[in-house]
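Given below, in the form of structure tokens, are the structures.
Look at the two complexes coming up: subunit A is in both, with subunit B in one and subunit C in the other.
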Partner chain A sequence: MVTAFDYVPAIVLLPFVSFVVALFLGKYLPKKGAYGGIAATAGSLLLSIWVLLAVRSGSAHQETYWTWAEGVGAQPFTLEFGALIDPLSALMLVIVTLIATLVHVFSLGYMNDEGERDLPRYYAGLGLFTASMLGFVIADNLLMAFMFFELVGLCSFLLIGFHFRQEGPPSAAKKAFLVTRFGDYFFLVGVVAVFATFGTAAFSGAESFPALAESAINGTTEGINTFGFEPTTWFTIVGLLVLGGVIGKSAQFPLHTWLPDAMEGPTPVSALIHAATMVAAGVYLVARMYGFYVLTPTTMGIIALVGGFTALFAATMGIVKEELKQVLAYSTISQYGYMMLALGSGGYVAAVFHLTTHAFFKALLFLGAGSVIIAMHHNENMWDMGGLKNKMPVTYWTFLAGSLALAGIFPFAGFWSKDEILYEALIHAGSEPLLFAGYAMGLLAVPVTAFYTFRMVFLTFHGNARSEIARNPEPVRWNVKGPLSVLGVLAAVTGVINMVPVQKVLGLEGIDYLHRWLDNEWGGIEGLSSHHYAEIGPYSSTYPFGTEVATVLAGAAISLALALVGLGLAWKLYNVAEPVEHTAKLGGAKELLYNNYYQDEFQVWLANRTRGVSGNADTFDQGVVDGVVNGVSSVSLVSGDRIKRIQTGVVGNYALLLTLSLTALLVAFAILGGWF
Partner chain B sequence: MSLLQIEPTNWIYAMWSLQPVVILAVTALLVLGIDSLSPDSRSNRLLAGTATAGTLVALGVTVWYLAAGTGAAGSGGPISLFSDAIVVDGMGLFFIAIFTSVAALVVVASVDYLEDDDNPAAFYSLLLFATTAMSLMAVSNSLATVFISLEMASLPSYALVAYLKTNRGSVEAGLKYFLIGAVSAAVFAFGISLVYAATGSLLLPEVAAAIGDVTDLAGILGVGILMVAGGFLFKTASVPFHFWAPEAYEGAPAPVSAFLSSASKAAGFAVAFRVFAVAFTPALDVAINWGLLFGILAVVTMILGNFAAATQTNVKRMLAYSSIGHAGYALIGLAAITAGASAANATVMGAAMAHLFVYGFMNTGAFLFIAMVEYWGVGRTFEDYAGLGRKAPMASIAMAVFMFSLAGLPVFGGFFSKYFLFLGAINAGFWWLAAVGAVTSALSLYYYSRVVKALWFEEPNGNLDALDSKPTGLYAAVIAAGVITILLLPGFGPVIETAEAAAAAIFA
Partner chain C sequence: MVPPEYYLLLSSGLFCIGLFGILTRRNALYFLMSVELMLNAANINLVAFSFYWGNLTGQTFALFAIALAAAEVAVGIGIILALYRNFGDVDVMQAATMRW
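And now, the complex of A and B:
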């Protein structure tokens, strides 16, 4: 019988076909490949929904499609491509394909209607990216995940640098590529370490590496090579190596510096790649191998602290930015910090929940920003905007929905997911006091987030128009408004998939759909459930406000109140007819924030310090390696010339040389063989 | 048992087993017959058609036999004929497939070349007789048949090199080839007589059986083996019997160069592989370590061929030296043989056979491209080739394929054959042969890419204006060789499997 799972490869291949078609035939097609891209991603979306429904009806699926290398002898590794469809990947498939479809539609307005050139290249890039991202999502082993992880990085590079004739984009593309590559080196070493340790890189099953690691911690170390370390110590090292790739890709401190520069790419690309999907790859990877991470408390603590710190740190930089997309970029870094905090605090479901809601509302905000950018003729400075509220109502209302979700205002999607993250950190802090630090930073970031979000909204849409363009903005068409409306609705209502606080307070059983979904209540794969992770994880729950209900209510009240404080401050300062800059009030902190804590400068300084080492390497390469190569080639040519001269053209010489050589050989072998 | 004692019915059986050889011989006679019946008519295309059909049918029958497992261990083993003087097995058929493929390509390419020739029948029949003799070399199982078939292949080759009677270069090259050939044949015949003196037999398996008892005649046997090796080194154009090759290849008509450097070289290896693997393997411990002999010669041949090729200015002469270098690679198949290690021996010799197979197409194609350029009268040096890519793009693409494949870049058939060859050498414990092979391959990329650079990246210098004719036969042959060279990358699996199975049967 044909099931949804038979079509899993098609989910990945459809966008790939659109990539090939756009690349080779794009210039002959109407809209330069856009329709093909929309059709392909929409097809993938329908198939993904079918897969989601199949998982909903109680099945899960793991299948190996192609074993492309088989080891021999003592190290019989098999390297495979396969698919792992469980509740987590099914959900992620729907998110990625949905956003990709909407972004393709939006691109009609942002790229085609604006008369951009080289559109086939653009749609080919989007197609390849979508295919690679979907391949990453369905990956059933770490090596396959790594390969697609690198492919999405390549597509990100290509699309950030789409306007390669200008000065900024190529430089930003290189920076993004190099910084994420730095993290990926650690990831690659981690992949090799996983193979060397467990002999497999599979995510699921009794012979998967999380399962083997679990039994190793419980004392069964047979067939596992920990290189002389205690299993826990070694798994911490391996986990941190893989985490290197995660920190680079999900733009966590200290490898976050590429993401703000990546805003040089076209805005739909920012929405798809640098907000909703590729940046989520890091978080998704941690969730995918969560069964491995929860075994080592140290790694969990580091993840939580990095996440909490990034959430606060990036949010503070967002409050002084003048360009619309820059604010959103720092906000993205900050929100992924929240997800990492959730994962490190044992909040697996909370992290996936925030990943979902964030994908919708951040894609919405980026597309809204794209709409504003079209209207403003590509001027992104918020101080030149103002008063756009009445000129572009659809953009305004949807953008507002996204902003309320981002700021965490009840009852928008972001409120529920952010609240659950903070709640998980709070109740687990009893068993691991370090989490209090993460919780505190996450909590402090809440008012900052609300402040920069609404500063952005007020400066862009409220008050009086501050420039000629803002008084007469260019209208946008259905292909911009359509995706905005879909995402606006989702940003408002996605919270219903997981209303845990309502359940706990009112005692309504069964409305925490996402919890039940990820707990394999309908279908799933043994060992990959939130329940299992909680059992083997290091944390237990304590309730600092007495009962569970009181803690839920208090936590929600605190974060909502702080969000409202931030919103109120922004209202007071910027929701006026003629807003002025207030950054001077920050005093010395202003310069620090304007310069992003001098992170870029620090990295450049660090790079310059390593110049001595790289200089020596360069000298070695130029002098020794090239010297040897050049030496060999000139020796070859000179001796080739000599050899050429043996060939005199006189046949008598040839006969002589031939006979002499034969005689020499005869004498040599006669002595060697002892014939005399 | 003498030849005449064979049962009459066995003749039919023998003819049936040797069908590819018989078809080639009959085709050659047919070509002569057509020419004698109508000596005055200009029948170039009819003759070429007959010759092509004959070689293709022979190739088809050979492939059919190979696929059906004729002479293979699984279907009754090698077929011995004429008192064991001839043996039909997988190895012989594999090499016959190479010869007939090359011959077919060369015949097709020669049609345009001989358009204005007075007597094309002579050319085609010489070519077909040479191919017949090479096929016999591949199935020879006695030193007597080896010698006769080798000379039978050489004599038409001398005539072919000197075919352009009025061209001084061609005639001079033919004469030099003949003289060096005469010296080599003398050495070879003397070597055979010494081997016979020591072992008392000319049949290869009987020689092998007798080697254990030679005792004090070991020295005689050693000298004999070394001199027999000399005969093969001449045929394969290996150092120090290579002197004829650059001049013969350069002076001969380019299709003949293609034929000699691909088919004739492969024939030399076919017979050398069989004689040394079957007859002389026991002698490794007794008389002479011929593995070491071939090892030294392989290294010298690889280095000399590639280094000399790097400094040439004439493209055809560069290819001639590159062809010497490739003889060095194929010699690894003999050099890496050690007594008692049948599996490793079979692997490396099979890899050398597969390399000769791929080489048959890429090298023939390259020389046929030269033939096309000669046909246009463009010139012979790298400078003269500048900008050809714009005038003749399809052929130039094919030439780029041949060059990169000869260098062993991992995009064409030549990559796998070299890779398996070097890997086989390393697995047999001869890492130094593989190292020299890899280094010289890297050097070869230099001079092969010079051709590609000239074709595609340099500006034409005005000598290409007359280039308007389209030699159909040459084009067809070059493109066919190019397509097969590309297809041999994905299709290398069956080739190497057939070759290794054939080699394993020899060592079993």
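And now, the complex of A and C:
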């Protein structure tokens, strides 16, 4: 019988086919391959929904497609490609394919209608990007995940640098590639460490590395090589190594510097990077191997602390930015900080919930920004906008829905997910002081987020128009408004999938669908459930406000109040006819924020400090490695130069040579053959 | 019956005359003729041994070689014409421009 799971490879292959088609045939196709991309991603979306329904009806799936190396190493292990379909990956497949489809449709308006050149290359890049991310999502082992993780990085490089004829994009692409590569270096070492320790990198099953690690912590270290460390210490080291890749990809401090520069890419690509593909990959990876991370409290504490710090740190930088997409870039870093905080504080479901809602509202905000950019003839400076509210109502209302979600205003999607993250951090903070620091920073970031979000909304859409273009913006078509409307609705209502506070306060059982979903209530794989993670996790719950209900209510009230404070402040300062730059009053602090805390300068400074090492490496490379290669080739070159001189081109010489050689041959035969 | 040694002497004499021509002459036409002499030295051998063993295969082979030689001359004359057009001369030692 044919089941949805037989079509799992097709989900990945369809966008890949669209990549190949767009690359080789794109220039002959109408719309340069856009329709192929839309058809492929929409097909993947339908298949993903089918897979989701199959998981909903109580099954899960794990299959190995191809074993490409067997019995490698002293401790023989196999390297495979396979698919792991459980509630988490099924949900992620739907998110990624949905966003990718909408981004493809939006690109019709943003790229085709704007008369961009090289469109086949663009659509090929989008197709490969989507395919790589989908391959990463279904990966059933860490090595396969790593490979697709790298492909995702490569595609982001290609797409960020799409406008390679200008000066900024190639440099931004290079930066994104190098910074994430720095993180991935640790990830690669981590993958090798996982293989060396467990002899397997599978995510699920009794022989998977999280399961083996769990039994090792419980005392049975058979078949596991921890290189002389205590299991907990060693697993902390391995977990932190893999976390390096996560920090690079999900743009966490201190490897967040690539993301704001990545705004040089086309806006639909930014939407894809921020909502569904590149940046989401890091958080998804931690969620995927969460059974491994929850075993080591130190790693969890570090994840929570990094996440909380990044959430606050990035939010403060968003306050002073002048360009629409820059504000959104810092909000992405900040929101992924929240997800890391959730993961680090044991809120597995909260993190996945925020990943979902963020995917919708951030894709919405970027596409909305794209719509504004079309209208503004590619001027992104918010100080040149203003008053767009009445001229582009669809964009305004959807953008507003996305902003309310981002700011965490009740009842939009972001409120529910952000509130749950803070709640998880709060109730677990009793057993781990690091979590409390994370919680405090996460809470502080709430009003800052609301403030910069609504500063952006008011500057862009409210007040009087501050430039000629803003008075007569270019209209946008259905292919821009359509995706915006879909995402606008989703950003407003996605919260209903997981209304935990409502359930707890009103005592309604069973409306926390996402909790039940990720708890394998309908179907799933043994050992990959939120229930299991909570059992083996290091945290216990304490309720600082007395009962559970009181804590839920107090937590939600505090975060909502703080968000409203930020929103109110933005309203007061910027919702006026002629807003002025209030941030100038911050003085030196504004300079500090505007220059991103001089993080870029700091990294350049660090790079200069290590110039000696890289210089030596370069000398070694040029002298020894290249020297050997050049030496070999110069031997051939010189001898060839000498030997070619026997070719004189004079027929007589050849004839003479032939005759003499024949004679010599005859004489040799005569002597050796004994004729004399 | 003439013993085969005589035929062999004749053919090797003919071959040496041809070889001498190739090694000493610069004119392409002499060159071509010398090549023909060497070819015919080989034909004489074929016919001689065919006669000696009473087997016609060698003679058939010689007929083919003669036909091939005719074709070869046609090609050779063509090359000589091209040589004359390009260099204004039929001196084979001058046409040395196609080396490295």
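Rule of thumb we're sticking to: the second predicted complex is superposed on the first by the 614 of 676 C-alpha atoms of A that agree within 3 Å, B and C clash if a C-alpha of one lies under 4 Å from a C-alpha of the other, contacts with A are read in each partner's own complex, and residues count from 1 in each chain.
Throughout what follows, contacts are C-beta pairs under 8 Å (C-beta built on N, C-alpha and C of every residue); 3 or more make two chains touch, one makes a residue touch a chain.
As the structure is a computational prediction, the values presented were derived from the model and not from experiment.
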Q. Touching A:Ser636, do we find subunit B (first), subunit C (second), both, or neither?
A. first
Q) More residues of subunit A in touch with subunit C or with subunit B? A) B
Q: Tell me which partner A:Leu657 touches in the superposition: subunit B (first), subunit C (second), both or neither.
A: first
Q: Would you check which partner chain A:Pro30 touches, where first means subunit B only, second means subunit C only, and both and neither mean what they say?
A: neither
Q | Contacts of A:Gly228 with subunit B and subunit C, given as first, second, both or neither | A | neither
(Q) After the superposition on A, what does A:Leu672 contact: first (subunit B), second (subunit C), both or neither? (A) first
(Q) Looking at A:Gly649, would you say it contacts subunit B, subunit C, both, or neither? Reply first, second, both or neither. (A) both
Q: Name the contact category of A:Pro433: first (subunit B only), second (subunit C only), both, or neither.
A: neither
Q.
After overlaying the two complexes on chain A, where does the subunit B footprint on subunit A coincide with the subunit C footprint?
A. 644, 647, 649, 651, 655, 659
Q) Along subunit A, where are the residues that touch subunit B in the complex? A) 632-633, 636-637, 639-641, 643-644, 647, 649, 651, 654-655, 657-659, 661-662, 665-666, 669-670, 672-673, 675-676
Q) Which residues of subunit B touch subunit A in the complex? A) 175-176, 179-180, 183-184, 187, 218-219, 222-223, 226-227, 230, 239-241, 243-244, 246-247, 287-289, 292-293, 304, 307-312, 443, 446
Q. Quick one: in the complex, what on subunit C touches subunit A?
A. 19, 22-23, 26, 31, 92-93, 95-100
Q | subunit C-touching residues of subunit A, taken from the complex the two chains share | A | 644, 647-652, 655-656, 659
